[in-house]
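This structure is in structure tokens; I'll ask about it shortly.
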Amino acid sequence: MAELRIGLIGSGYMGKAHALAYRAVPGVFALPAVPILEVLADVDAATAKGAGEAFGFARSTGDRRELVGDPRVDVVDITTPNVLHKEMAFATIDAGKPVYCEKPLAPTAADAKAMVERAEAAGVKTMVGFNYLKNPITVLAKEIVESGELGEVHAFRGTHLEDYMLDPDSLVSAWRLDPRSGDGVIVDLASHVVSLARHLIGDIEAVCADRDTVVTERRAAAGEETTQTVEVADQMRTLVRFAGGAKGTIEASWIATGRKMGIVCEITGAKGALRFDFERLNELYLYTTGQAKGREGFKTILTGPDHKDYANFCLAPGHQLGFNDIKVIEVRDLIEGLVASDAKPWPDFREAWQVQRVIDAISASGREDRWVRTAEF
Amino acid sequence: MAELRIGLIGSGYMGKAHALAYRAVPGVFALPAVPILEVLADVDAATAKGAGEAFGFARSTGDRRELVGDPRVDVVDITTPNVLHKEMAFATIDAGKPVYCEKPLAPTAADAKAMVERAEAAGVKTMVGFNYLKNPITVLAKEIVESGELGEVHAFRGTHLEDYMLDPDSLVSAWRLDPRSGDGVIVDLASHVVSLARHLIGDIEAVCADRDTVVTERRAAAGEETTQTVEVADQMRTLVRFAGGAKGTIEASWIATGRKMGIVCEITGAKGALRFDFERLNELYLYTTGQAKGREGFKTILTGPDHKDYANFCLAPGHQLGFNDIKVIEVRDLIEGLVASDAKPWPDFREAWQVQRVIDAISASGREDRWVRTAEF
Amino acid sequence: MAELRIGLIGSGYMGKAHALAYRAVPGVFALPAVPILEVLADVDAATAKGAGEAFGFARSTGDRRELVGDPRVDVVDITTPNVLHKEMAFATIDAGKPVYCEKPLAPTAADAKAMVERAEAAGVKTMVGFNYLKNPITVLAKEIVESGELGEVHAFRGTHLEDYMLDPDSLVSAWRLDPRSGDGVIVDLASHVVSLARHLIGDIEAVCADRDTVVTERRAAAGEETTQTVEVADQMRTLVRFAGGAKGTIEASWIATGRKMGIVCEITGAKGALRFDFERLNELYLYTTGQAKGREGFKTILTGPDHKDYANFCLAPGHQLGFNDIKVIEVRDLIEGLVASDAKPWPDFREAWQVQRVIDAISASGREDRWVRTAEF
Amino acid sequence: MAELRIGLIGSGYMGKAHALAYRAVPGVFALPAVPILEVLADVDAATAKGAGEAFGFARSTGDRRELVGDPRVDVVDITTPNVLHKEMAFATIDAGKPVYCEKPLAPTAADAKAMVERAEAAGVKTMVGFNYLKNPITVLAKEIVESGELGEVHAFRGTHLEDYMLDPDSLVSAWRLDPRSGDGVIVDLASHVVSLARHLIGDIEAVCADRDTVVTERRAAAGEETTQTVEVADQMRTLVRFAGGAKGTIEASWIATGRKMGIVCEITGAKGALRFDFERLNELYLYTTGQAKGREGFKTILTGPDHKDYANFCLAPGHQLGFNDIKVIEVRDLIEGLVASDAKPWPDFREAWQVQRVIDAISASGREDRWVRTAEF
């Protein structure tokens, strides 16, 4: 059977999720090629070795450039902080290899655009890990919207609310506080909602946002008393106008006390409405007009074998997929997109760049107190 | 026992709710005066007579001016379409009588301001029926915010979503489509959320809104094929900035397919968060930091005798108050505010004017695509 | 208009609920007669006077026998502890007047049967306050079952769970601990579920129950250290077999920590299932087979004007009825049943006796560890 | 690194779940030995070959006896219909190898006991796949119960409700209809709840059950018009008495229309209560007395890194584990229990036999209409 030798850069939260997905995917899906855990790179040789062994990689390295150039690596998978994505993506593209990169693609739309252009000029396939697009619930939502079951959509509400940055003393995600990584929660979490909004509703033409830094002083480093001044956004809310005419709001916060996985999307049209909340990852709420009188209500749909990809994990409905299962679906799409000559993975760098343009427009709008068109970026 | 003779104008949806509240309140609460259903006015004598008898009024009239001047009327209660409020309020104030008026107070802030000034100049007490402020859940929410249980509040999200105007052929609330009544759903529903936001968080300094008319052609009259062009807002979403520093969004829609009583408020602070959804009128969700490790979660609080006013209706917790019970609490506040010489009812015309200023700012912002300060109105 | 002069015995939790209902009902419904709050009786003249004035009764008395014989009383309404029901019902029946009695009708089926026989022999109309039968949600559930939407019903689960007796030091409902009042939670709470089960599914032929007293020592009186030994049931669960073939369970507990109004019923048939939980008094969950593939789910139905009696309270759906509103519906049924010569109120003593037979069978089964047929009682 | 060579018998629903777990587990947990997918057996060589390749097994065979005797197999994993478990377990035990067997262990307690005795006599380690015991939510529930947070437990309610046998024409699980497989839903689904009840509360001393076959005629085979008469239980409900004094109910149905994964457990004690519903696999509801006045409520706890095993899958709370992840935890326990000389896997055959004794008592009780002591089996 064909093989796809993976070079994975990064072994943190996302690096592990990717590694788990590669291990699991051949058992779950029939694939055109089997992924081989070829080499893992991390900041130093020892870290890479430890993680590489834990995840089951054949080899490891403390030098990510070596990984990119390694002839036994067929695809480079980048899960480092986003400020590093461009350099590694460029090297991979220049090596003529496909790139699979975690979201957000880059700190800015300009960077993302440069990455798109480099990849397209080189004819290299790309993919970006907007994993929630792969959730069967998202697939179901899209199917419902496209089928016309909701009628013409006029309203969208999307949030991504977590609270992992609530504690000023926490050092979780310290690199996310560096402005070079992008504008805080906007690039980190809002990007998920923007990708969902684009997928489910369509292009976003203009935004008008309010962003602010609530926790302005945070601890600088472990064991230290000193603090650093933070300027990236802790919370953001924006009005959005879709090219198709729908209106909406998108919100993101990493100081949303009590919320842990608060991706919530609500879509309302002339004939129906749907809602999902990824703190209940396997549920979709659906209302349609035309129900029998006195029997109208939102229904709660639980995923099952009738929904895309579910049956490959489990034959029984309602038994539920988890966060890592969704990454398995994403990796299946990666492999299928890379192996077939007439296919390509999705979402690719171009789509991620479109997301990033909205992100930049949001950040600019929030700083300038005005409506900003996505086309400005 | 002292008596308070009620002159009620209007016998529709709200007129009936008021009448029921007057009937019920003396049995529920100990009052300084008992309300007497003295006279009901409606558009014509027959309508007034039918409703008056049904609701238990002693007399009725087809002439609302006669009601205002009636020496046996102690307080005038206005539940007509809002475009008529000013005229009747002026007449009542000029007659030196207190006014109890349904929300929204007026179609515009200018009208509301004129009503405030006239009432205050005349030394007449006033009250406006923002009933949801009286829900024990709202009282609990305010107590939680003010106690500091949530820490400093940085985020607010509020919606009022219903779908009673979804059908273009419906003639429900036809008068609400007249621009003279105000800007559609903004004045009709957003006013509830604005009043809650002001009550729970504080003054709103500025807004940036998006408003639009989705159903632009609606049936003109029963039995007719002709349609009318509608220009008032069907849906609206706005960014809001509070004077105290918190940021938020407010949304209103009367074409929110599937939603029936979608007043939802979420308040997030540095130490906690709360949420309520008035489709579950007796529940409040509360999260606080500092819970035992591994035991963190939002709790669902059901109203009971430990919450304000509940025990007067029922001694057993969780047995639930309904929409009309909340109006009973409002009427209790009216009577107490009117009878005691050193008290006054709340919310009064002045508070309702402040709400209306936000409403007008929202409508203007939505038409002009810019941030608008409430102080402009 | 015709009048129905009410003599109310008892001014506690239920007495107040009845008084509120009489006050409210003429405003809510068109009635064949208006209830007059004629006289209130309680344990002594002072208590009766205070409550009578608070509730709006014309007169009061400390002698309930006087009330029964009062020629100005048309109907006697009994809301005292159930051990006293029989004596008062007998006196009322003997006076040729209709009786409206709170549930449970009596401590034993034998007593209930005696009351039925006396009333029927005298041709006196009766009604028992199984209020939850009047909830529009219950009416909707019955309509769904009877329409065949669920197919043939094979399963029923019903609970009534509260926690008001959890605290051994509480003196709430002390009279309920007296075995002469019946077997604790079985007579007090299970009676609600039994009445719902009979109404929604049909006759219960046999039961097999487990009952026990968990808190065996409770404080004897306020301010005292001494305790009393309790023998009535704190919790009970029973298997039930319906005459129509369905099987089920019924559970009741007044020490169900955390539950406040835990009447939950689930009905499952070959073509559908429904569920309601009266901690959400206005919601019904409905599943039916035959939904589109991939769109199957339980729907949440919120009460609205399309459901029985709702529109009389409120024209807007989802705005919600409360506990006291349901009592208003019950009182409407009382008045209609009493006034029309060819009608009678429901549920009457005979129905309440049937409920009590099941209650007695449950208690006996729980004491004897065997299946017991309802017909034994 | 040490290896544990797996011989898997069966490649259906559960066979695949096991295979996926073996593939995933070394990436998720640090293990004392790595599982090797050595050989897969199924009913014929072709089936075995197809599944073996799909799941990643090195070899396959159509002869399960060959697998058991294969010297390159270290542990035999049995996922066939339960009627076949004994024969294969005996062969494995006789070969001196550990056995990992899907639940239920056997159709009867007698068979299960024979398996326990054979394994214990041979000193062979065993494990049974009661996967839901491994869910972090179950671990949390047990921790809460054992810590005394609920006080003394007096009530348990457990259900396992699904609807996969609702359709009489369905051939899903046809072998489950054979009485030789045990008593239908009792052995198939109730066994899960019994294992949870024993784990969370303790030994079950006696049961009194009602069981029945609702769909008495089912299609006999694909493409045929003929039907077979079915006698095993479609639904069952039982009273249960725990050795520690708590009382409860257990229910199981495979014709519970609309329910897909209805394992619901509720545990109530003097100081608190908890509830979980595995249609929401990552949530636990907890109530404790002693909350601040007016702030009492059930909280919803979402799994996260503070709960057992979660962090190995994902560092972010609320991101959710799926059905297959729980099987990964189970397999981790298997490997740890097999490799360490002083450890053994849990739950083992002995525990599964205890579960089966309750199952047999339930079935007998349901057939004989009497309380049955578990010790009878």
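We call the chains A, B, C and D, going by the order they appear; numbering starts again at 1 in every chain.
In this text, a contact is a pair of C-beta atoms (placed from the backbone, for glycine too) under 8 Å apart; a residue touches a chain by one contact, two chains touch by 3 or more.
Keep in mind it's a predicted model, so treat the numbers as computed, not measured.
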Distance-maximising chain from subunit A - centres being C-alpha averages: C
Superposing rotation of subunit A relative to subunit D, computed on C-alpha atoms, to nearest 5°: 180
Averaged-CA centre spacing for the pair subunit C and subunit B, given as whole angstrom: 35
CA centroid of subunit C to CA centroid of subunit D, Å: 41
Multi-partner residues of subunit B (each touching 2 or more other chains): 259, 296, 298, 302
Subunit C contact footprint on subunit B (complex, rising order): 13, 16-17, 19-20, 23-24, 26-28, 30, 54-56, 162, 164, 259-261, 279-281, 302, 304, 313-325
Contact set on subunit A toward subunit B in their complex: 150, 154-155, 157, 166, 208-210, 212, 214, 234-235, 237-239, 241, 247-249, 251, 253, 255-259, 268-273, 287, 289, 296, 298, 369-371
Interface residues, subunit A side, partner subunit C - complex: 140, 143, 286, 291, 293-302, 306-307
